[in-house]
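Chain lettering (A, B and C) follows the sequence in which the chains are written, and residue indices restart at 1 in each chain.
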Amino acid sequence: MSGFDFTVILESLPFLWEGLQLSFFLTFLAIIGGLGFGVLLALARLSGIRALSLVAATYVNLIRSVPLILVIFWFYFLVPLALGRPVGGFQSAVIAFVMFEAAYYSEIMRAGIKSVAKGQVQAAKSTGLGYWRTQRHIVLPQAFRNMIPVLVTQAIILFQDTSLVFVVSLRDFMTVSSIVARTEGRLVEMYLFAAAVYFVICFAGSLAVRRLQSKVAT
Amino acid sequence: MIEIDNISKKYGSFQVLRDCSTSVAKGEVVVVCGPSGSGKSTLIQCVNGLEPVQQGQITVDGIAVTDKKTNLTRLRARIGMVFQHFELYPHMNVLENLCLAQEKVLKRPRAEAVAKAEALIARVGLSDHIHKYPGQLSGGQQQRVAIARSLAMDPIAMLFDEPTSALDPEMINEVLDVMVQLATEGMTMMVVTHEMGFARKVADRVVFMDAGRIVEDRKTEDFFSNPESPRLQDFLSRILHH
Amino acid sequence: MGWLISGLGWTVAVSLCAWVVAFVIGALIGVGRTVNNRPISFLCTAYVELFRNVPLLVQLFVWYFAVPELVPEGLGQWMKRGMPMPEFTTTVIALGLYTASRVAEQVRAGIESIPKGLKSAARANGLSGTQMYRYILLPISFRLIVPPLTSEFLTVFKNSSLALTIGLLELTAQSQQIADYTYNSFEAFTAATVIYIFIALVVTGLMQIIETRTAIPGQSGKAA
């Protein structure tokens, strides 16, 4: 066993920081896109229009039974094909993550909307509110409150999942760590360092979730 | 049989029990009543150590419950307890509910445990239901099974924590009948309940609690005919006249 | 086609082995978090937080590249040279221990959802702590958590695809290799996707049977 050499990490910090920024940026775009598309999917499923909810349900269940890596490969191969020109790994990864996360976000939102007690809807209707007003003023605000901790948890999972862009060599934090590890021959230090960085970020995130949960509960 | 000596208990800063003392002699039936939040359920849960106390001493059959060195598990096996919400094991049928502790705690052979269970189930009138699960029985039936489950351990005393409070009115009597029968057979019983008819019929003494204190502890006859404290008079007038 | 079958074989083998690891360790850790013993519950909580907050891919690399260097030399040498099927074994360990942290959370939630009164009743009935867990708390909580465990089980199948990063030629890796070598990307990825969906359907079906079989008669909200 050779001695540890953590100077490698210090010297590579700027390079690693670029990787981490890309991880955050990818996470951010995937959350925005995933939430947007997820809302549409959830609304489609709850719309009461048969064909629409069937299409949305099929999409959600299909995506949820396939590994994320395979989805990343799919879009890495499909996006250039669809656009008719080669695009960077980043664009295809963003699209893959948006499409993938939307399925999970839509399930969270569907559960959130369903978690609002039926009595609330009946009470709202009995005071004379119509369907849309009931949704807007009564159901969605309560549903959103219930959902926030789960949505943040999903964001933490998403951040961890972005490490999978390693398989298409996109230079996120994971890929960059691995590049440094190999070129410098310091696998142990680099991978332990990567684990520590991810842990600190995600643990801080889950502590925040716990705070949110106790706030929502009151 | 049961000696409660000056016990006090706090939940955080809230004082649930203050200097409570009473006793239940062998073969005696003592009813504990009082408004909700008066600490009566906590008191009875202290008797077999389900709730720890901070001050005072409780002994059951000469064994100190409040002593940290006491093997509570062994003591509990000898004291029966019936709960407000029955608390049958939902994943086991009636027979297995009665056999589990007999076999695992008392190490009775299976055949003996089954025979005992069958006899007790017959006694509470539920032989037809012996292979059903708790979720398939009415509340009154579940509570009778719960009583039989406790009796299967051949207890030296029985504790009842509001055994009829969670029942629909038409099911209360089937449970009280079983309890009356037990009392007349000489079982030592401590019963937390609002059923004053039951208290009149079988209790030797009645204890009235309010705000964590034992306010009155009297012979049944005196308790009803001659209540001393205004709080008890008020309580009785509210519980009896409607 | 033969490649895909062999890939499917590895996927199933890795997933089942990892699930056994996850289930056993997860149950122990989950129980550990509920017991009334500070050091034990702290250690179990630390386990869950550690394994849950590091991406599985990083954990896999740590197990594969870093751990053999960190353990005593003899063992490290063995892990690198002597250990049979190193990619397979490493994936099973990494995936198993990672999933264990998620199973543990389900087990804990299951045990905590059992009303306090039932625990009091088991105690009052004379059961010891161990007996209460063995005969009452665990049998009930495992029945309660069959649905979330189903989705964890499915996640194991999906996560086993990460093994391709350390060179295990499981299903996703095989489809990607076919895509690379033959340029029939569409067919290869479609085949892999169909197989994963098939796995999901089979697992969901099996778990539904288990759920019905183990349902407690007379409990509302469950088919008896």
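The rule is short, and it goes like this: a contact is a pair of C-beta atoms (placed from the backbone, for glycine too) under 8 Å apart; a residue touches a chain by one contact, two chains touch by 3 or more.
Note that the structure is a prediction, hence the values are computed from the model and not measured.
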Furthest chain, CA centroid comparison against chain B: A
Chain occupying the middle, per Cα centroid: C
Pair exhibiting more inter-chain C-beta contacts, B-C or A-C: A-C
For chain A paired with chain B, centre-to-centre distance based on mean C-alpha positions, whole Å: 53
Chain centre separation (chain B, chain C; CA means) in Å: 44
Cα-centroid distance, chain A relative to chain C, in whole angstrom: 21
Chain C-touching residues of chain A, taken from the complex the two chains share: 1-2, 62, 64-70, 73-74, 77, 156, 160-161, 163-164, 166-167, 174, 178, 181, 187-188, 191-192, 194-195, 198-199, 202-203, 205-206
Complex interface listing, chain C residues touching chain B: 115, 117-118, 120-128, 131, 135-136, 139-140, 143, 216-220
Of all residues in chain B, those that touch chain C in their complex: 45, 48, 50, 73-74, 76-81, 83-85, 87-91, 100-101, 104-106, 132-137, 146, 149-150, 153, 159
Contact footprint of chain A on chain C as seen in their complex: 49-50, 52-59, 61-62, 65-66, 69-70, 73, 76, 154, 157-162, 164-165, 172, 175-176, 179, 185-186, 189, 192-193, 196-197, 199-201
